[in-house]
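Listed next: structures, encoded as structure tokens.
In what follows, chain A forms one complex with chain B and a second complex with chain C.
Our next item is the complex of A and B:
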């Protein structure tokens, strides 16, 4: 709870500290990626790595864009409906994919990612925009509030919109983590057979996590569609997906704070690495390899490991001193 | 549609399928021994292409010699990668995935810095065509098919009849039991990773004279190899061969009637159809 408060406060502090449009862009992108990585980690907390997470972001994005552009829905209605649609699409996909686990689940969802990318790229070009992408998506429409309408054009209002979605997502996912659901998810991750024998319906939990994760991915997709105003199939391809997995695993999947640390640290690091030009990708790859080999449980496990090492040293010292005092 | 055209396009499709099967075999071999999904596998394919470009295209060695050299060099690079990095990640699929991704970026960026970003053309290995009745097949394609089939047969002989090959299969079945029987797991892992990467290098060397070589050439074959493995079953060598032939046939025949986008989609529909019936692929085991 304290951590969540600090995180929310940091989000408020950013636009107070800087109004620079580049900084706001980076901060907004980090918040959107946090919604994606936190929901991906939520799915992973039941022991499954979903390689099609960005595809559900894509479903939300294209659905929202089409609802607003073709069906004439107001943005705020699409914001509610499109993530639900992503969750609905996740239902049959999850039923099929969750029959297997581990590397097989990884590969099935990877196949689904490619199917959806091909669909976005090549099929229904009149609706989805085809290889050149879907363009001219309108920005979020003004929100009519009692005190006057709030508009969402420009970087700062869009940052606040994303911040609102982020707080909503994080609050829900942290709440779930500390509820019965979080405990059951942990039990499934550590041994799904054992959980099953204790009366847990493993498939139902995994399917529920898959649908909820896809809902939040769809939510991020809606924001992405209306803030970028252009959608392309490559936005929902292997590369962005791989980045989400990298953020999540480098941060650590054991705690909610893993993806937060991973997403923020790597996003900021890659902004600095950009200075290296040709060597950017090389250094980024090396950093990944070194971090993963040195801290296999992710950056979030680092303080615990340091504390443990310190305690061990202190104990060793105490023992050696004690030995010296013995008669 | 004439039979002649049908046979010709089938041969072209078969040639590509054989090459992708080589990539898939290496990928699935590495997975079965180390439990690692090597995302950098396409980069070893790329290294094979560049080895051929330099040995055959620049220094003018005989093509067969260049091919063997490429296999050895890339296989050696694979052994090195296993010893330096992947041996620490045995059985850790998720960590192995992230590290192989890091390796992918490192190798690709190094190739761009070292070889340049532009496509490099490799001269044809053999010229001319072969005529069987009215069917015309380019000798180049035939060379790819023959070399690919020879390599697959060699892998089969190696795994079935040699001591090292049998040790490899033993480790794939049960590493602990193999260790108890005196199999040196460390040596087998290194050799397995090397053989797997060597196969990818061979694939790159075979296609180098047909397509140009470039630092990003590994992206397409690795995705194809993944799809082959999904169909055939992760960790199964016969699965990789059958899966590759099945997808090659579907895409080869599809190309005659449909657009390339529709063909890719058709390939995935086959994947989904197989997964609906057999979630772990045709030859996959739990």
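Our next item is the complex of A and C:
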């Protein structure tokens, strides 16, 4: 809790420290990616890796864009409705995918990712924009507040909007983590059969986590649609999905800090790797391999492992000294 | 009859693990299920608790059919079990392990969990009190905040029992509750099981220690190759010629 207080404070400090639009862009993207990786980790905390997480981001993004552009909804109504729609789409998908687990679940969600990418790319081109993408999405509309309307057209107000969504997401996910839901999720991850025989309807919990994770992915999608103002099927394809998994897994999935460390570190690194263009992913792949071999539980487990190693060394030293003193 | 199996069969490919098994377990008894290795005892447990669906036949609990239900639903109706090796949530604390058994009494919904409503907090307090009380009676209270994997073997076995009791199940199914325990520890567990029966629980158990089984059980069912070959009081079982041939007799030849 204190940790996230600090993180939230850092989020407030960034726009005070810099008004540079490039820095704000990077910071906004990190916050959006954090919403995606933290919700992905929440799903993984019940033992399943959902490879279609970005597809639900896409559902939120396209739904919100269409609600505003075609149905004439105000942005703020779409912001509430589109994530709910993403969660609703997740219901039947989850029901089918969760009939199996492990690698089969991975494959089914992966297939769904491809289906959705094709749908965004080729189907209903009049609505979804076809291969050239959906363009001219309006930015978030002004928020009418008692003290006067707040506009969201510049980089800074959009940063604050994303910051608000980020704080909302993390507050909710952390509250869930420290609740009976978190307790049950941890149990399912350690032994789903044991949990099931003790009265936990594992399927129901996994489906709930899948829907809630998709809700937050949809929320990130709404922001993405109206801040970029352009949507393309490649935004919701394998490559961004793999990046999310890499962010999450390199950081580690044991605690909420894993995705935070992974996302912040790699997002910043990616700004320096930009010149490599497509080879950027190659670097991520190498980093992933090294981390998986050296610290399979992610960077977040490093301090604990170091402390353990130090304690072992101290013990070994004490023993060898003791041996020297023995008569 | 609390539990009733009617002509229950289970095949694994060509192997008939359980063959047209009929048996009943009366309320408030300790019922032993014995038989040589591979007799189908564990399969029977898996069928009753819904871990495996039966190939044919019917299982009834308190007069209602439970065949084909999810294990969690069967647990909610009042059947809970332990597994052979001390199976628990090793990375969680002792208290968390027991809380998980309690949580089916505190249905969790997303919105009240976010809001931490009064009802949510009330249920939380209730299941914490329940878990603490259970740890107290089973003398595990001091280890409550310890990680389950750090407990000695005896305490892990007791914790498994605590988790099952936390669900409030009327029928408690125990797979080798005494395995790996010293004589002293074993005697303590036997005393606990007798106390549970006195409190109204029904216990169905598989156990290899024949001396304990004969002394503890009210009724014993003997399985061999998935078929029931005898059922009765310990005295009757010890005299049954088919049991002696299939099971006890085999031990005699070894001795």
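Side notes on the structure shown:
Methods note: the second predicted complex is superposed on the first by the 313 of 327 C-alpha atoms of A that agree within 3 Å, B and C clash if a C-alpha of one lies under 4 Å from a C-alpha of the other, contacts with A are read in each partner's own complex, and residues count from 1 in each chain.
The working rule: a contact is a pair of C-beta atoms (placed from the backbone, for glycine too) under 8 Å apart; a residue touches a chain by one contact, two chains touch by 3 or more.
Keep in mind that this is a model prediction, so the values were computed, not measured.
In the superposition on chain A, contact of A:202 is made with chain C only, not with chain B. When the two structures are aligned on the shared chain, A:115 is found in touch with chain B, with no touch to chain C.
Contacts of A:194 after superposition: chain C is touched, whereas chain B is not reached. With both structures placed on the common chain, the touch criterion links A:292 to chain B but leaves chain C unconnected. By the document's definition of touching, of the two partners only chain C reaches A:183; chain B does not. Shared-chain residue A:80: touches no atom of chain B or chain C. By the touch criterion defined above, A:3 lies against neither chain B nor chain C after alignment on the C-alpha atoms of chain A.
By the touch criterion stated above, A:144 is placed in contact with neither chain B nor chain C. The larger set of touched chain A residues comes from B, when the choice is between chain B and chain C.
Overlap of the chain B and chain C interfaces on chain A: none, as no residue is touched by both.
Per the touch definition, chain A reaches chain B in the complex via residues 49, 96, 99-100, 102-104, 106-108, 110-111, 114-115, 118-119, 121-123, 238, 242, 245-246, 249-250, 253, 278-282, 284-289, 292-293, 296.
Put simply, chain C touches chain A in their complex at residues 49-51, 70-73, 75-76, 80-81, 83, 87-92, 96, 99-101, 103-104, 106, 108, 110, 113-114, 116, 124, 163-164, 166-167. Contact residues on chain B toward chain A in their complex (touch as defined above): 31, 35, 37, 39, 85, 88-89, 92-95, 97-99, 101-106, 108-110, 112-113, 223, 226-227, 229-230, 234, 261-262, 264-265, 268, 271-272, 275-276, 279-281, 284.
Chain A makes touch with chain C in their complex at residues 172, 175-176, 179-181, 183-184, 186-187, 190-191, 193-203, 208, 212.
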